[in-house]
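Consider the two complexes below, in which subunit A is the common component and subunit B and subunit C are the respective partners.
Here is the complex of A and B:
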């Protein structure tokens, strides 16, 4: 992809392959239109020289300036320029789509919190105010409300993709487990968020939901007392749900998404199952046909798995 | 090879001592934050409620043959969300109850907590959510509920009927400590759903 490589700032380009001075990170000779500082020369392999020439030749190279001090480009290169298995297709974008849905929820949620009052007396009024009176309030709330369903659907489709492609198998079991925890946390978000409008539907749905939690033997009664902050739906139940919804669970989700993505980048993605049968001759069949066979850990698509 | 500073007979190196001490200090610091926060979050489980008695009307308001709906406040300070309807009647000698007692049935469905309604024509309590049906005394006659409707303790003060703490009943209408909806009462269930400090003991 020489064109894409040319568009990237020099530190983020794919590092040259051994034996290919400059690699495909350097522009073809005579391409003077691109202002980059990595001319094809044997010395390009020296990271220090690459950086200094980059800084010298383009003084306004902000990415190079930051990278010289932080060194994040190699991480970004490893993440964005990974090799992906043959047969990678649109199904592999479902994780990214789920991540996008989460980002939408996070951003709209932050702005909804600016108008919402988590008090049993004022919650409903604050919701009607932000829906009917605030500029674009209906739109932002609608994004959050419908986005919640979109996220749940995408989580399940993403999980189905992982299951049917066999992408949960060794060495990716831990990522499946993290994904299951993320699924549960997404459900907790749906449950706690449902109460916040504090209309008749959300009130009674939450009563029913809390009581379902309470039917678990031994711990159930204490669990529902914990959720309600007492034996009845009380003064601090709403505040408790609000804190769980906007602080506790989102923090856990962000941390676990980080771990999820780290494992995707580290382990790479699997090839689609239909490529397994005829990729190699019979005697080589025992070799795994995925990222590990390539010898490079950087293999996979840009999406969560 | 012996570590630097090692001398004969010592069971732990200096480095190891500092590593263990550093880990222990970190653990104490972490516990000092996490344990109070956790206790703060689960404290309501151990709150014991104060007994609260509310008058719902003079004795003559209530008859043995049918229920009269009354609204009481079970949670103070949160407006409408803290109120609930209670169905009250006088004890019926025909049903083997003390005629001088008063019976207050909670509208909280024993299935999952939706509000039941007393339907005069049928003489039944009917839940709108999942189709639970209860007879005149609150006993289950249909649908998913796992036990009869809860009741409230009653007493008479100055010719006024007063409503007190909630309690649950077994299928034989024997009082037990208040339970959440969806939880069975009686027999082994008294142990599988242990008593909660946040509810009043059975009368």
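Here is the complex of A and C:
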């Protein structure tokens, strides 16, 4: 897949391996011998040349300009070129799908917040105005409402995948713990967001929900008082739910997603548990890594042994 | 997992990773496709199902049955499955907390090095059973009707109160004869035999346990509130002839019942957890 390398800005392309003048961007079969003609032409797209000489040559190279000053390209290269284990399949897209659902919630939430008034007197009318008068208002609110359901489903399916693949085991225990906290925070988002439309359904469901929290031992009553901003459901309760829903919990979720992703990149995603690495004789294993590059990536579901 | 198993896993993982393909473009392609599907589903649901607005929140009436968002049904249904009032905290907080802690600590008590779901039957069966239980409770929650009719026969003077009770969402959690959901609240078919009107009025105003308070209704529409208390107090599960004669006598004293609630407070605190 050498041509796809060209989609990336030059500084982010895969660096050449020592002893491989063509780098991995060269055709997979070429173990260094095929790209002999490359140095003759300065126009070549040899990533190795571009990396060393190309950056300063072209004044319009924005990525190169930023990289010269910020130096993020090598990190991005490592991110993009890191290998995912053999057999990685569609099950492994559930995490990024959850992340994307969260992004949808964040973006639609920002637009909803532009029109929403978190006061018991005006909240309902502001939603009515948003739904009926604002351009695409009902559409964006619908996306936020149903996006919540989609996100909850994705979180649970992602967790089920992690569970059945045994991906929470060594060395990824901590990432499982972070994931469970993210699940709980997602449910808190669902609970606090449910009150905001301030219709009968959301109001009474929230009263019962807060009362349910109140039955807990020791901390229960305090938690209820905190959520209600007092012993009774009052004028400031809605503002409190609003603040929790759009400042407190999203902040925590973003921070924990950052930690979650950091660990995913650092530790790598698991290989499907039914795949086993072939125990080759020692000399076979010492072959260059690229000898395996043509392996079955997409079709590795169970067939490879 | 001992250090030998850890080392073996890391070695094996290294091999699997070397056999793999780079994140770009292979994994990125799949992730992006999935992201597009997610957005398409959300857009489709928004266009198809819309975002309807219910009637405005009104603390003085509960004409709407309190129902959580569907993904909380499994928690809410626990309250229906576990009925005894003294066990309610176990259903509301106990079981969810235990489940949360078990989930959080999973990697620390499941120390089996095996990862293949087929070769760790206990974990796999436990996982499948959890999913089945949650799906079943969600299904129950989705099918828990919210009737607004009470068909219990009462004397004519209690019909007004019966209407208020039917419209106030009581049936979401209480059963009257054949109507309403059996739980999380207790059956009210014989509530009049267990509590006096003052205690009933007090329970409605406090909202014991997870029940919402009806103090708003008592303030704004005292007439309706009194009717509802009278109706509830008339429910003693006996034949109508006897209750009618009893209640015609007790009808007058209980109209002062809500004021005299302080006198019945001792009894209420006993019965409070049950209502």
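The rule we apply is simple: the second predicted complex is superposed on the first by the 245 of 305 C-alpha atoms of A that agree within 3 Å, B and C clash if a C-alpha of one lies under 4 Å from a C-alpha of the other, contacts with A are read in each partner's own complex, and residues count from 1 in each chain.
By our rule, a contact is a pair of C-beta atoms (placed from the backbone, for glycine too) under 8 Å apart; a residue touches a chain by one contact, two chains touch by 3 or more.
No experiment lies behind these values; they were computed from the predicted model shown.
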Report clash or fit for the pair subunit B and subunit C bound to subunit A in the combined superposed model.
clash
Looking at the overlay, what does A:173 touch: subunit B (first), subunit C (second), both, or neither?
second
When the two structures are overlaid on chain A, which partner does A:121 contact: first (subunit B), second (subunit C), both, or neither?
first
If you stack the two complexes on chain A, which partner ends up touching A:225: first (subunit B), second (subunit C), both, or neither?
first
Have a look at where A:235 lands relative to subunit B and subunit C in the superposition and call it first, second, both or neither.
first
Tell me which partner A:204 touches in the superposition: subunit B (first), subunit C (second), both or neither.
both
Dominant contact partner of subunit A by residue count, subunit C or subunit B:
C
Looking at the overlay, does A:82 come into contact with subunit B only (first), subunit C only (second), both, or neither?
second
A:215 contacts which: subunit B (first), subunit C (second), both, neither?
both
A:146 contacts which: subunit B (first), subunit C (second), both, neither?
second
Contacts for A:7 in the overlay, against subunit B (first) and subunit C (second): which applies, first, second, both or neither?
second
With the two structures fitted on A, what stretch of subunit B runs into subunit C, 1-9, 19-27, 37-45 or 127-135?
127-135
Subunit A residues touched by both subunit B and subunit C?
120, 198, 203-204, 207-208, 211-212, 214-215, 217, 220, 233
Parts of subunit A lying in touch with subunit B, wherever the complex brings them together:
120-121, 198, 203-204, 207-208, 210-212, 214-215, 217-218, 220-222, 224-226, 228-236
In their shared complex, at which residues does subunit A touch subunit C?
1, 4, 7-8, 14, 79-88, 90, 92-94, 96-97, 100-101, 104, 120, 124, 127-128, 131, 138-150, 152-154, 160, 163-173, 176-177, 180-181, 183-184, 187, 190-191, 194, 197-205, 207-209, 211-217, 220, 233, 268, 270-271, 273-278, 285, 289, 292-293, 295, 297-298
What residues on subunit B touch subunit A, complex-wise?
41-42, 44-45, 47, 49, 74-79, 81-82, 112-115, 129, 178-183, 192-194, 196, 198-199
For the complex, give me every residue of subunit C touching subunit A.
1, 5-6, 9-10, 12-13, 15-28, 30-31, 33-35, 37-39, 41-43, 45-47, 49-51, 53-59, 62-72, 79, 88-89, 92-93, 97, 100, 103-104, 106-108, 110, 112-118, 120, 123-124, 127, 131, 169, 207, 209-213
